[in-house]
Each structure stands twice: as C-alpha cells, then as structure tokens.
Amino acid sequence: MRLYEFEGKGLFKKFRIPVAESYLARTPDEVYEAVGRMSTRVVLKSQVLIGGRGKAGGIKFAGGANEARTVARELFKLKIRGYKVDSILLEPMLEIKQEYYLGVTLDRANYKLVVIASGEGGVDIEETAEKHPEKIVRKSFSIHEDLYTFDALDIAKKIGIPQELIKDGAAIVQGLYKMFKAYDAKLVEINPLVLTGDNKLLAADARVSLDDDALFRHPDLKEMDIEMRHEEGEMTPREKQATEWGIPYLDLGGDIGMFPGGAGFGIMGNDFISYFGGKVANFMDSGGGPSPERIAKMLVLLDENPNVAAIFGARFGGISRCDDFAKGVIMFLKDHGLSKPMVMRMTGNMWQEGVRLFEEEKEKNPELFKNVEAHGIETPIEEISKRAVELAKARSGGAK
Amino acid sequence: MRLYEFEGKGLFKKFRIPVAESYLARTPDEVYEAVGRMSTRVVLKSQVLIGGRGKAGGIKFAGGANEARTVARELFKLKIRGYKVDSILLEPMLEIKQEYYLGVTLDRANYKLVVIASGEGGVDIEETAEKHPEKIVRKSFSIHEDLYTFDALDIAKKIGIPQELIKDGAAIVQGLYKMFKAYDAKLVEINPLVLTGDNKLLAADARVSLDDDALFRHPDLKEMDIEMRHEEGEMTPREKQATEWGIPYLDLGGDIGMFPGGAGFGIMGNDFISYFGGKVANFMDSGGGPSPERIAKMLVLLDENPNVAAIFGARFGGISRCDDFAKGVIMFLKDHGLSKPMVMRMTGNMWQEGVRLFEEEKEKNPELFKNVEAHGIETPIEEISKRAVELAKARSGGAK
Amino acid sequence: MAILCDKNSKVMVQGITGGAGKFHTERMLEYGTRIVGGTSPGKGGQFVCEKPAFDTVAECVEQTGADVSIIFLPARFVKEATIEAIRAGIKFVVVVPEHIPIHDMLHVREDAVKAGATVIGGNTAGVMTPGEVNLGIMPDIAFAPGRVGTVSRSGSITYYVADTLTRTGYGETTCVGLGGDPVLGSTFDEILWKFEEDDKTKAVVMCGEIGGVYEERATDTITKMKTPVLAMIGGITAPPGKRMGHAGAIVEGKMGTAQEKLDMLTEAGAHPCRTFLDIPETLKKLGV
Amino acid sequence: MAILCDKNSKVMVQGITGGAGKFHTERMLEYGTRIVGGTSPGKGGQFVCEKPAFDTVAECVEQTGADVSIIFLPARFVKEATIEAIRAGIKFVVVVPEHIPIHDMLHVREDAVKAGATVIGGNTAGVMTPGEVNLGIMPDIAFAPGRVGTVSRSGSITYYVADTLTRTGYGETTCVGLGGDPVLGSTFDEILWKFEEDDKTKAVVMCGEIGGVYEERATDTITKMKTPVLAMIGGITAPPGKRMGHAGAIVEGKMGTAQEKLDMLTEAGAHPCRTFLDIPETLKKLGV
C-alpha cells in the first residue's frame, strides 16, 4: 500500500525524522485559510499516489492566501497520470542549499534490506544509479539486524552531509531503517532530503510503500488516520466494477475476452493469443478456488464488454475444482445468457465431473450452450487459443 | 529494581498475561470500600519487595468488607523481613485446581536468557530444582532470539497444562518472555501460575526485577506510576543517612570502621580484618573518583558511629587521585575533627602528592592529625590491617 | 530418481485439521504420498485420515519420523510454522498459502539457509514426483513419470507444461512450483542445480514470468549446467508496470520485463519456448 | 611476552574527546602506550594529545591501523561502540565504563564470540602489561615487568596484588581487570587460558569475589592448566545476600558464596590465598 506524502510524513515524525511544519487542505478555501496562518511563501503539493508529480505540474508556489487559493483551484482540477488530486499539502517554501537522496528497500534476490543514499537527491535516483554508480551508497542488512549509529554515520558522511550535521543525518538514516522494519515496508524513501538555508536537515518528501500482506500487524495505522486502500490509478468503469467484486481485472484493448484460471496462465494466455495473431481484451485472475458466483461474475464482465468479440476460457483445476467451475459457467448461462462465442477447455481436478455437468445441462437445454465450444483434456491449449483467435476474427470481421 | 506485585501485574496486562481483577488499597478504609464492591471472599496481599510474605503472615483472607478492614489493620502494622506494608492488593479468592511455576531469568555464565517452568508451582522453586530436577523445564535463548509459539507450546505441555489450555499457556510463556526483553528485566516470575476452578490460567503473583542500569530506556514506567526506587529493606539510621548521601553503606556490627577505596577492596578488607582477628563495623564503597566532599562524608559516618573503636583507611588511586583523597580527609579533619584513632595507607595515582598535602597541613596544625597514622606505598596493607585490629582492641578494651 | 522428495519421504502436514489441510491430506494420500501425521496446535491427539495430529512439529518428527513438511495455515502463521519445521530438523518445507508477509519470508529464508533446509513457496502448488509423491495441490491428471524436470513460478503453468510433457511421452521426473509470492523460499537457480545433480532428469523446463527477480539469478547456474534448460517467460505481451494479480508480477524498475528475462536466459544457454508445444519440439531437437 | 596487548599494539580510544577519554589518553601515552587515535562521532578532524579523532572506528582503523580499542563513553553508548569496534575488525576491546545494561552486554558478547574478538569489562580498570602498555585507568606505580599474570574482578584488588608481586620481586607479565559489572565481556577461564598459552607467565593469580558466576566457570580450565593458579576470593566474611556496592556482588541463590567459590577452585587445583602476603609465599613454595 502506497502512502500519501502527508501520511508518510506522519510516520516520519514518529521516528523523529524532521519534516517541515505543514497543513493538509482538501478545498481551495482550506488552502486560503491555512496559508493565511503561514507567514512565508508556501509550496502547494498535490497529494497523489504516484511519482513525477512535479514534472506533471502538481507542485506550485504561492506568495499569499489569495494567490494560493487561485493556484489550488487549478491543482484540484488536475489529473496526474490518472490520479485525481483530492488534497494539497502546504509547507513553507524552504531555502535549499543541498538535496540528498535516502531510501530503504528490499533486495529480494539476495533476501536483504538495502539502504541506498546519494549526495545527489531531488532527481531520478535510478538514472543516477545507472549513469553515476559511484554517486550511490549502498549498504545491505539482514532482516534481524539493527542499523547501528556507526553505519548510519558512515552513510551520512559518504553522501557528503556537512560534518556538523552528520549526527543528525545518522539519526535520520536510523529512523528510516527502524520505520522500514517496524511497518513491514517495501520502500521508504526521502527524495529529497534537504539541507536548508539555516543548516537543518529536513525530509522534503516522503514515499512510503507498505506490504499489503502485513497490514494486519499494524492496526495503529488506522489510529493515525491511514486507511487501508487499494492502489488505484485511473480505472475504466469495468475495472471499477471488477474491483468492487474483488476480481483482479485490467482492460487491455483487444477483442478476445480472457476467462482464465490462475494468474500464471492469465499472463501467459495473453502471450499465446498474441502469438497466434489475436489481441486480448483484458487480464483477469480467478483467484484460487473461485466460487460459482465469482465465475459467473467474471463472465458478466466479458459478455457485457462491447469490445469483446469472443471469449477464451481455460481452467486447469488445481486447488480449484472443475465441477465448481462448470457450475459457475452454467449459473451464468442460465441467469445472464452468453451473447459471444466462447471456446474453453477444462482439465485437472474433477474435470470429468465438470464435463458431465455441462452435458447434463445441455441435454435439458441445448439453446443455452449454442455459443459454447467446450473441450476437455484431449485438446491442447494452443488449439483453444487458435480457435479463439478465429472466432474473434470471424465476428469482428462480420461486425465491420 | 524490584517491582511490587501490583506493578508487575500492571506490566503483565500489557503483555496479555491474565491476572485476576484487583484493587490496591493504602488504608484499612480503602480496603473496606474496595471489598464492599467485590462480591466474593477476598485475599489481602501485603505489597512488599521481598519474597516469603505468605510464611511471614502477609497474606490473609476475609469474607466481607468489615472482616477485611479488621484484617487489613493488622497487616498494615506488620513488618515483613524489615519491609513495612504500605499497601494491600485485594483480589477475589480463587478456586485453585493446580499451581505452576513460570519464570524467565538470566544465565549470566552462559550469556543466555532462560525460561524456567515447572508443574509444581506455589512452592520454593529452588528447592524443587534441587530435589526434583526432573520436574523443572529449562530452555535457553540468545538475546536476539524470539521465543516462538512452538517453543512456548512445548513448555506449556511439558509442565502439564491441560491440552485444551496449552495455547493459552503458550501465550503466557511468550508474553512473559517478551516482557523480559522489552523491559530489560533480570527476573520475571509467575509463582504460582494457577489453573482456576473454571479452567482458566491466571498469574496469581508477579515477581519482577528490572536492570537498574537500563531504566533510562523505559520512561514509560513512570507513566504507569512505577517510580524508580532503590531496593531498601529495613535500614539503620546510618544506612539511611548514607543512602541520602548516595554512599553505598552497610552496618555490620563490629568495631573497626572501614574507609576503603573501591568496592573490591571494600569487600576484601573485611576479610583481612577478620583474618587478623578483628571485626568490621561496616561496608562502604567510595565509588570511582570520589570528591573531597564525599570522602569527608564517609568519615563522618564512621566517626559518629559509637560502635567504631578505630578506623581502617585504604586508598589505591586508580581512576581516583590520592591528592583528592587527601584533600577530603583534611577537609573532614578541619570541619569535623577525628575522635577515633585511624590508620591509613595511600598509594597509586598521585600518592606522593597526597602525602605531601598531609605533611604540609600537619606542619601548620599538628593537633588535627593526632589520631591519624598515615602510611604510603612502603607499608603492606596487611600491616595496616593488623594495626587497625590492634587500635580497636586497645580502645574497645579501654572503653570496657 | 527425484529431487526434493520421493516415495520414501515421510510427509507431515502443518495445519492438518483445517479445511484445506484435511482436503489435501486426503488427496495426497490417495495419490500414494506417504503422509505420516501432522500438527495443529491445541488439537494434538486428534486424527485426520487416520493420521495423528500433534501440537508441535518436534513431537510429530519424534513420533512419526517425518522428514518433509507441507504447510496449510493462514499466512500470518507461516513464518513460525516454517521455522518450527526447520528447527525440528525438517529439511524440506512446502509453503502452500499465499500472501506471506515479505519480512516474514526474509526471516524464514535466513533460518533455512542456516539449517541447510529447502523451503518452497509461499503461494506454491507444491511439488509433484509423478508416480511417487504428490506434495501439494496439483491435479494428478496432468502428470506421468518420465525424464524432464520442471520448475515454475505459477501453478497453472506447471500443469500445462506437465500436461504437454505427459501427452508427448516425455513425462516428468519432478515438477516444482516455486510459488507466486514476491519473496520466495527458493529460487530458480537452486532448483535447477538440484535437477543438474539428478541422473534421471535429462532436461529442465523453467517457466518464469514478468516481474520479480529470481529469473535473473538463474543465469550463472544455467551457464554451468550440462542438463539442457528450456525457458518460457509469461508476460511477453503484457504492458509493463500494470498489475497482473500476482504481487510478484509488477515490473521492478529496469529489471524484470519478460522479454529481457527471456533474452538473458537464452544468452546463458537456455532454449527459449513461446508456446507449450514448442517444448516437445525443442526436446526432440536436443535428442532428449 | 604478554597477553591481549603488548608494546606493538596500536591502541585507539573511543570517546577520546570526552573528559575521561582525554585524561586517560594523556596518562596512557605517558606510560608509553602506543595510542594512534580515537573516535568521537561528530568531532572527526579534532586532535587530542596530537592524536586524530575520527567519526567512526572504521575510519580510525583505516587511517591509523588501530588493532586494540579502549572505551571511555557513557554506559548507554557502550553496546554500539563495542560492536562498532568488533565490526571494524578490532580483536581486543576494553570497556572502562560501569553500569552497562545487562541485555546490552549479552548482545556485545554474541558479536564478540562470532567475530573471535575479546572484550573485557564493563567496569574494568583495564589491562596492564608492565613496561609496555597501560591500557586503562590503573596507577602505574604498582607494576613492574615480571613473571606472574593476574586476573581480577576488581580494580583495587588488581593494584594490591600487583603491588605485592612487584614488592617481592616477581613482577607481572600482564594484569587483567575483568570488570565489576554483573555481566562481563570475558570470563576468568578465557583469560586464564591465555596465560596458560603464554610462555613467560609462570603462575597466575586470580581474584574473584562473592556473587557472580564467573569463578565457577573457571574450574574446568584450571584442571587443564599446567601453569599454577593462585586464587583469592573477596567476601569470605561478608553476610550473604546483602548488597555490596558492586551489583555483581549479590549472592545468586546457592551459587556464589565466597567460601564455596574458593573451595571449588581449590578442588580444581588452585592454591588458595587469604591475604596478599600469602601470594609470594605460595609462589616460593611452588618454585616460581
């Protein structure tokens, strides 16, 4: 879960990482009021869950309450790479002598925590790492290790924090590391860490990403008004609908509706369709052991998508059962009806039972299955993929 | 620092170790009032910082508010091994099916934390350990290790907690271990941990001892109304005086006043006097690098003690300086005057300077030094010890 | 022969009394997996499919001689359960549950490395040694004993690959699911090397996917291997950076696009495959 | 020869710019101790007695080649300072401050054992190798080069024993203060064994005291030693259980009364002494 800058800074305070005094405003009038209380020139920072907001015009400056309100009105209309601006963080404009970079993240390949720091902050750290690796300081730690003062001092010195401030710098490094461990973070980043005109170190931004799977350990986030949320950029109406139903779903723009099993083949099925000359309309993941209701909802998403010309279904029953899968498909056919041609394959756990349920139902009501071509283990998935491409071409061709 | 039972139980709650609902009362009337609110027979437990209060009559039972007040009046008059009863903890009387022992402590010789548990609680655990070592479960951990559920379950099972409660038992073991680490404890002990008539596990007592040297890390104790304190049993007026002055001091009953340097020779000097046939009046520790004022106060304690027939002084200047020592002695001689014979030796860091200060002062005012026999490095400390014994015998003999 | 586990493995199930634990214990037993018992703290003394449940792994190991463990427990208990198994001397642990907290897996990995134990998962479909052991949640229908090993991040891909190998007569030695979680107990290189050391495995199919970091770690090992490696990577046509269900499938910086992964593996000597049907064709060319 | 440090040791002082650090740096230099620099975080670049101060031990080691460190810092900083020295490759660390939190010392000990480093203290007067190195706060007057090693919990006892050995012509190889804190970086047995391995040390005087646990740990080692061990224990006549200033001097249960300690050591082969003057007499009898 990504945190907003103001939420991240709230956590920073808990770990004694210095931040500028700030106000959060949700309307232009709140901006006006808050800036009225501040005696300096202010910076207005759009709160969005994505980097690069500066380049996208999400950060502005203003000299007084009136100007700030005018600027805020524009910011609240902004969309930054799909993210709406719901709130603005107001901070006094700082005189900046130097910008540093400081972050803690995971090195998953080596199972370590890594502190990354640089004397050149405020810029794209990945670019610095690539072009000037010598300007990047890296230190790895085991998950059970503490980051001691001496390591923190070493980092602070290596990135060129002035001698009289290295103890302050070290305390920030230690604070950030502690926070990373205490809150099951995947990334905590201060970019830039600034040296101000009056010789203080301040975290001028906060980028914090926590492990969703560990949020249950951190009920105190709620007490800090940090609500659990899904990371959402701009969503299509169908993506919104899928999210409400708890189904991982992405619109991808093609004409073959993908109705897969797990995420693994969900991803690779996309490649197969492409390989055989088609283009998929979506990514979707059923999750492990989906209920018939969920299966039915997945099909609703596809059938009601006007871009979808044909549906490609694949189920390899592992932890899931093919009979449940078949029940879901039948539920959909009965309750909703299928308007698009669908080719599908069912195998794995209980596949014969699934096929039997289909045949039983088909015997009672053949009309229901008029658009369904169902296969079992005997047909390779490549054949199913090719057939889906054919079906889509036939239909899209006919529709044109 | 030892905690009172009620303080220890306060910490237990923080670590979800179940304790009985309880009230703390500081007067018989508070007892009356609290018991009025409780609907069961109650136990009145004297809060003292020492074990064995049960045997000493510090734990009583009562059936109602009136009886409880009468019992409380007696308890408040009690002294338990020198400790006054200032407060009483009131708890409902429990129906007890079984008593267990559970503790976490340090194994200093092996640098480990040790969990000790037994199916036979409520008794002297050291006796059990000696007579029936097979009834004691021990598990050692490194300081950086957590105590996982599986280890806790193993302990709970081995001491015979009923199968349906082993998860509760394990949670108590884990809670106690976490508390030990979180609060820099030297000992945390539940004796007994009881299985109640309604099949619940409860910590019926709490014995907690924290590391004085780590209390700076636990300012939250103060928020829990646990004040830092010195461990004090019954003190003699002189011990109280010394405590106020910050001087480690014990009255030991003999007639030779000990005026030593560090605690090391403070202890061994006692043996020397004994070896040469004398008996010391006290133990005292100057602390490292004592000021002249402190030196003077140490002598006041000895000179004003009527039991002291002679004073034995020894200073080996290490981190302390003999000139400071000499200055302290001179300060005392001038401000207070010495009424007892004193034999002393000064060597180590700046001893010649110390001796010079004595000679200078003696030249100006010989009367001041009439009771002082001062030696330097040339005289072995054994000779000084023997001389102290002689001086005391002469004086005590004369006084008799 | 097989890697990681074979018909002599004495398997225990952590979480044996839970819904998933019971269901899969029964399925695994049906396949012939030698399940000797399991654990369920507080439920020691119960039986599942006539196999005894214990409160702790140590007891189970002592009483049954279990040497392999498979975990069916809620994610939040996995860290301690895995470490418990390792401390009790188990050298191979299969973590089926998904969504294990990442920091927990770092602890697990350290304990495993220290003890010389192998952990696979979380979010793995398990390990299948056809005809001997079904250790996990894989559908047995896809598998047959044979001469190709497989290792894959995804369960469904494992099934499709095995289905293809079975159908074309190659069959499988062992099929390993690494798991779909972002931080895994074992990595491709480690499993590949076990196949390299297995006489019966004549080729290995490794299936990675967009995102994650473990495919990249495999290149050195592939260079050193004599056994041929066939590589598939899912997500070649996926838009980079869009979430794909698996948390592990978020492209990490410059690393991890599917095409880059496939190129790196090919350069290290692996034979790239685009569809499952490419696999038997490649094996044929290699004379496996 | 000497144990732990000798005239070639390059000594650094952690906390060199503080009051005690400065004072003792000067004293140690006067004795001839080869102090090469020190640390004081935030004060790198300053000089004390013309020796450079650095921000970290790693820098100091890199710039000066320091191989021994002595710590003069407030107790709460000792854990990290000691671990810092160990991680920077220092193999011998002297912890002078007292009242180190016990749990901190457990961490320090683990790090030291892992790195094969020796830590003595806290609350030690240090180590003296007469004529070569004064590493700590001992008054040099008591010491002279010679053939007996000493190891003691208490600084004052170290001085008295050395004084006695010096006066009677035996002199000392090295005098080690274990320290008075309840949990110590090194134990009697470890130091005794270093003396056993030192050719020049012909006998060792060990002085323990009531309370604590480290005397008991020494018995096995004494049994194995060829070098004779003389043992003194302070507190023979102390009432058990009453506090004696040193936190370490609280009798722990059945263990730790002075007489019991002396008996155990005697049984293991040590020669008991009651006064300092017993020491030269015993040495004479032993033909040292």
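We just call them A, B, C and D in the order they show up, numbering each chain from 1.
Heads up, the rule we're going with is that a contact is a pair of C-beta atoms (placed from the backbone, for glycine too) under 8 Å apart; a residue touches a chain by one contact, two chains touch by 3 or more.
Quick caveat, the model's predicted, so the values are computed rather than measured.
K.L.:
Which chains does subunit C share as contact partners with subunit D?
P.N.:
A, B
K.L.:
In whole angstrom, how far does the Cα centroid of subunit B sit from the Cα centroid of subunit C?
P.N.:
For subunit B versus subunit C, the centre distance works out to 58 Å.
K.L.:
Measuring from the mean C-alpha position of subunit B to the mean C-alpha position of subunit D, what distance in angstrom results?
P.N.:
27
K.L.:
Pull out every residue in subunit A that's touching 2 or more other chains.
P.N.:
In subunit A, the residues touching two or more other chains are 144.
K.L.:
Make each chain a node and each touching pair an edge, then name the shape: line, ring, star, complete, other.
P.N.:
ring
K.L.:
By the document's touch rule, what are all the touching chain pairs in this structure?
P.N.:
A-C, A-D, B-C, B-D
K.L.:
For the complex, give me every residue of subunit A touching subunit C.
P.N.:
106, 108-109, 111-113, 126, 130, 142-144, 181, 184, 186, 211-214, 216-217, 231, 248, 250, 252, 260-268, 270-272, 274-275, 283, 285, 288, 316-319, 347-349, 351, 377, 380-382, 385
K.L.:
Considering the complex alone, what residue numbers of subunit C touch subunit A?
P.N.:
Touching subunit A: residues 20, 75-76, 98-107, 109-110, 125, 137-139, 141-142, 152-157, 159-160, 163-164, 167, 180, 182-183, 187, 209-210, 212-214, 216-217, 232, 234-239, 242-247, 249, 253-254, 258, 274-277 of subunit C.
K.L.:
Would you tell me which residues of subunit C are touching subunit B in their complex?
P.N.:
41-42, 44-45, 55-58, 80, 83-84, 87-88
K.L.:
Under the stated contact criterion, what part of subunit B meets subunit C in this complex?
P.N.:
Where subunit B meets subunit C, its residues are 148-150, 153-154, 157, 163-164, 166-167, 170.
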